[in-house]
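Common to both upcoming complexes is chain A, partnered first by chain B, then by chain C.
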Partner chain A sequence: MEVSAQGVTQQNTANVATSPKYKDQTKRRGFGFDKIILTLVLLYLLIPLGATFIFSINDGKNFGLSSFQSIINDADFITTFPFSIELAIATTILMVILITPTAYWIQMRLPQARPIMDFLTLVPFGVPAIVMAFGLIQVYGSPNTLVSVLSLGLVPFLSNQLNVVNTPPLLICAYVIIALPFTYRPIDNNLRAINTRVLTEASYSLGSGWWRTFLTVVIPNIWPGIISAALLTFATVMGEFTIASLFSIYTFPIYLDVTGQNDAHKAAALTILSFTITLICVLGIILLIRLRPGGAGKDSQIEIGAAK
Partner chain B sequence: MAFLELENISKYFGRNAAVEQINLSVERGEFLTLLGPSGCGKTTILRMIAGFETPSEGNILLDGEDITNRAASKRPMGMVFQAYALFPHMTAEQNIAFGLSIQHKPKDFIKRRCAELLELVGLSDKGDSFPHQLSGGQQQRVALARALAVEPKVLLLDEPLSALDAKVRVSLRNEIRRVQQQLKMTAIYVTHDQEEALAISDRIAVMAKGHIEQLDHPEEIYSNPRTVFSASFVGSSNQFRGILESAQDGLFQAGDFLLSVPPQQDLKDGQQVMVLVRPEEMSISPTTESEASLDHNTRNHINGVIELRTFLGPFTRFHIHVNEQLTLTADIPSQQTRDYFVAQHIVLSFSPKDCQVLPLDSNESSLVKLAERETV
Partner chain C sequence: MQIGATDSMGDASVNNSAAVKTSKPRGINWSYSITSWLGFAPFFLFCLLFELLPAVMVIQSSFVNSETGAFTLNNYQRIFQEPDKLHAFQNSISISIVTALIGGIIGFIAAYGIYNLSTKWLHNLIVGFSSVAANFAGVPLAFAFIATLGVTGFITTLFLNWFHINLYNSGFSLYTFAGLVLVYIYFQLPLMILLTIPALGAIRPEWREASTNLGASNYTYWTRIALPILFPSLIAAMLLLFANSFGAFATAYALGQGNINLVPIQISFVVNGNVSLDTGLGNALAAGMIAVLLIAVMFYTAMLRRISRWQGR
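Moving on to the complex of A and B:
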């Protein structure tokens, strides 16, 4: 963290270093104010994390990794954690497969539908997860005639034939809706930033069809947006509690809640564990984007902040 | 039959007609430019030829084959865009190879062809560079090479030089012309820059409000414009609006001026016309202050005062104040302008044969305004 603080200060100084008149002034001001602010922000972020970590390795008397050991040996952890990862991966894949071509299609052929999509992507923010969970249980649990007609028979088929109520597949579908704002926006922003229409037309004029253009021209250029979307979807699913709880599906966040009520040290250790996993994911993804061909350019930033 | 034919092409966006009843024939190996102000429909025509827009009416024939409804990816056209449109994640060489790999050409053929094309556009050492590592001019050269790689039957260029600075623009336009002539490629070029159009084209279609005003060789467009819009849009001109007193004798009255113009066979006496004289056809000579009044205006000799003098290298442009409504422009070779200064009284003269007489109706008037706005 110290390294990044120094990096920022050095960059600021370098930008104005060309003007000798301001050199000393900037150095003096830059040394004090920037670093104080940065240190305060870092403390604000790191102190709770540090405290949690210390709490996790201290059982009140001794320091040790006993909490971590008990987690790793806990049968519930062994079942819920991989299960939540599976849910997150499935949701992410479904999300990217559904949203990326849709956003591209809207950008190219249906720009007038963009306001509708903008509204739809905000709906999950407006509708609380608990309302959505009860809605899903109500619709799929006991579908009435109106719902059957409006869904062209799909809802009764899913609920009666496939028994989707309170099952992981329906949970994944619900997660897709919840994560919609985090997925659509980064992808749409990227599509707007790369001049999609002209690139597509250039590709067409070279003999490429729709799918080949989408896969070989569009996708590689909106890769940062897709990675952001995937990361945010993954993180949302890994932390989602309400719907899983109402569906009575035992996922990692529910395990976290149950453990927290029984053993606070263990819960702290779990928090540190999930934070570390997330950190590794983020660093890995950033590295992936940096390493892609031509990716050192200005468009290779992850839009996590913007989407959140 | 011409190589590429547009038959009665119209395109409507909602109720607005972008182009209407366009008929255009392009010969094999010809360089045709669509020239006009923004919104005249020139890009729409190009996009319909490329297959990005479908005509509302009419047919497009290529080599005798109707391609009106064929998908863009199935048309043998290469396109160069204003915004370069290089694929940012591919190197220059990969960009050029893109179309060839779609055609499933062998790898060594693709490599050889890329090297040839990079050499053709003078970028042999830039094959491994990504677009963001190249200048605007270099990117457009790569885009040109990429469009040529698939050996298109027609090369379409949509204002390819607009985003470049003046010097690169001139060198690259010469290069485009050289490459086109070297490959004997049929090319359709869209621009709003008349100088570019005059310099590069075999023929020019001057367009306004969705119609072709004149289709001719550059020299003809400049020297013998058929419509007031063509005359006003291409090159600068001095304009006199008035009445043709005698079509047979070539007499034209504009306010206080009586001008001699070439005899007109197609026009009638008393008809509203516009007379245009190019600034370079004007000559100036000094006059004394006592002579310098309206009474001394004789046919094709007009008294005025130099208002502004602008040195433009080979020639100097004089803005000459004649009266409150009229200021004329004269381009005089710079070596003949040493004795002239601002506020000097001079007499402007021009030969009747250098006057172009064009009929003027209400529609033409609105087009003149459009041309003036676009050429300022």
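Moving on to the complex of A and C:
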């Protein structure tokens, strides 16, 4: 789920930021009620992480890295972890290939498609992952005339010829969809922030075609947006449990769930590993936001994409 | 999901492109227009196949008898007749409301605390940490809480050793509704903080000065000026929190292994072949979820419109 409340508040924020005198006069310093609540909230957020970390290095009586060692030697970990990384990379690549040209195309040629795009990126908000997975299993698992007609015959082709139901390729497609709300926005915002039209016209006037302009002029200018979308997609796929579980595909989060039922210390170690992946991806995004045009020094937007 | 649909810069560029368009010789250029839409076709087709059709399928099949294929409302009637299905909806809705309210109110106060921080690096650090925490959810979050407050969890053991209090004997359990609330709050709080900080940025310092000059107390400032202006943003953010926990499955599943009765858990039972459930009933449950979320989305967009009216967005 993307959370970008940036935008029009920017100007106001900028005003506040440029007048530190105002800020000092009107903001309440000291340790008031709000700061107490803030401290409690931070404790609430930090304690489970700290406890899990201690749990992971404290195997019953002794402190040590034995839980981490037993994970690395676990055959299921050796298969599921790289498999999830492959899924995450495949999803990320498919997402970039699908969304980036479309976002550029809409910006340049088809601004009237924006409402449709807004709708499509809003749908995963109204149709949660569990419902989407349940729907996908039925669409590709049981023949239905209405669906066949609406899909222009593509669904029967995919389900009968390619037999995609409950396969990793379908899982990857589903992941691209659940990532939509927070992948399209950063790329689109980045496209709006650079002067896309002027860049494109300059490139055309120098003799480049559409693809050459897109690949050599537009992409290099919007890569911070693309990489933030990619990192968030990667983090989401590495933690996605719902759809993989309904499709019965053995991914890393499923392995984490199965292990956790038997060995709490191993589960804690895996949780720390999972948290580290999230941490690296989100830190990457935060650093990239500073690189975006006009991105530094503001309450920059941060997208939330976790699969709950 | 986003509060504040477009930024001013983007609007400007859209206006520019409109201006460029109209300056071209008029008359409908069909081939140009068809090519334009064709460029959108691959993406739209992808969304149709993997996003829209599953939703259409779920809604259509919820009105169909899964054995005979005839039209029926029986699937929906069964939700009301079978107590555990009705309970699942009650639980899902109440956990979403409770966590949205707690997360919303406490998150707002915490966000105000962050907004008041005068140290820039601390401000950035906390906002950065909030975005990490908001993205930390699902199975790992459930296990983090089991390691903290589970039967042998860190805090549970600490209470036992230091204060000789056994939390689980005094009525607490992580594997119940209250425990789930505690876990959900973990991703709701940081989300609320991230949603609220930009809204607080829209409050102008001049407003407080003006109200103070006119003799308003701190209380009057909050109840008559700041909160009425922030209200639509806060409600919109809390609706997002509601949707966020209403659709959550992995966290609840990993925590209770299916013992906590929520709508997503019931749907997963259908897929995993539980005998008491059939596809028709599962579709009715799924369509019910879509209906609840649709109401939330409608209120959410209504709030966005209010925000744009108030804050000139």
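Note that the second predicted complex is superposed on the first by the 227 of 308 C-alpha atoms of A that agree within 3 Å, B and C clash if a C-alpha of one lies under 4 Å from a C-alpha of the other, contacts with A are read in each partner's own complex, and residues count from 1 in each chain.
In the analysis below, a contact is a pair of C-beta atoms (placed from the backbone, for glycine too) under 8 Å apart; a residue touches a chain by one contact, two chains touch by 3 or more.
Worth saying up front: this structure is predicted, and the values here are computed from it rather than measured.
Legend: residue contacts after superposition of the two complexes on their common chain; A:P128 is shown touching chain C, with no touch to chain B. When the two complexes are overlaid on their common chain A, residue A:L199 makes contact with chain B while staying clear of chain C. Comparing chain C and chain B on the residues of chain A they touch gives the larger count to C. By the touch criterion defined above, A:P220 reaches chain B but does not reach chain C.
Of the two partner chains placed by superposition, A:L288 touches none, neither chain B nor chain C.
In the superposition on chain A, contact is made by A:G207 with chain B only, not with chain C. In the superposed model, A:I78 lies in contact with neither chain B nor chain C. Annotation: chain A residues 195, 299 touch chain B in one complex and chain C in the other. Remark: chain A residues 194-195, 198-199, 201-209, 212, 217, 220-221, 292-295, 297, 299 touch chain B in the complex. Interface residues of chain C facing chain A in the complex, by the touch rule stated above, are 1-10, 13-14, 16-18, 20, 35-37, 39-40, 42-58, 60-61, 106-107, 109-110, 112-116, 118, 126-148, 150, 152-155, 185-187, 189-191, 193-195, 197-199, 201-202, 204-206, 208-209, 233, 240, 243-251, 253-254, 257, 264, 267-268, 270-271, 279, 282-283, 286, 289-290, 293-294, 297, 311-313. Residue ranges on chain B touching chain A, taken from their complex, read 50-52, 71-75, 77-79, 81, 83, 85-91, 98-99, 102-103, 130-132, 143, 146-147, 149-150, 156.
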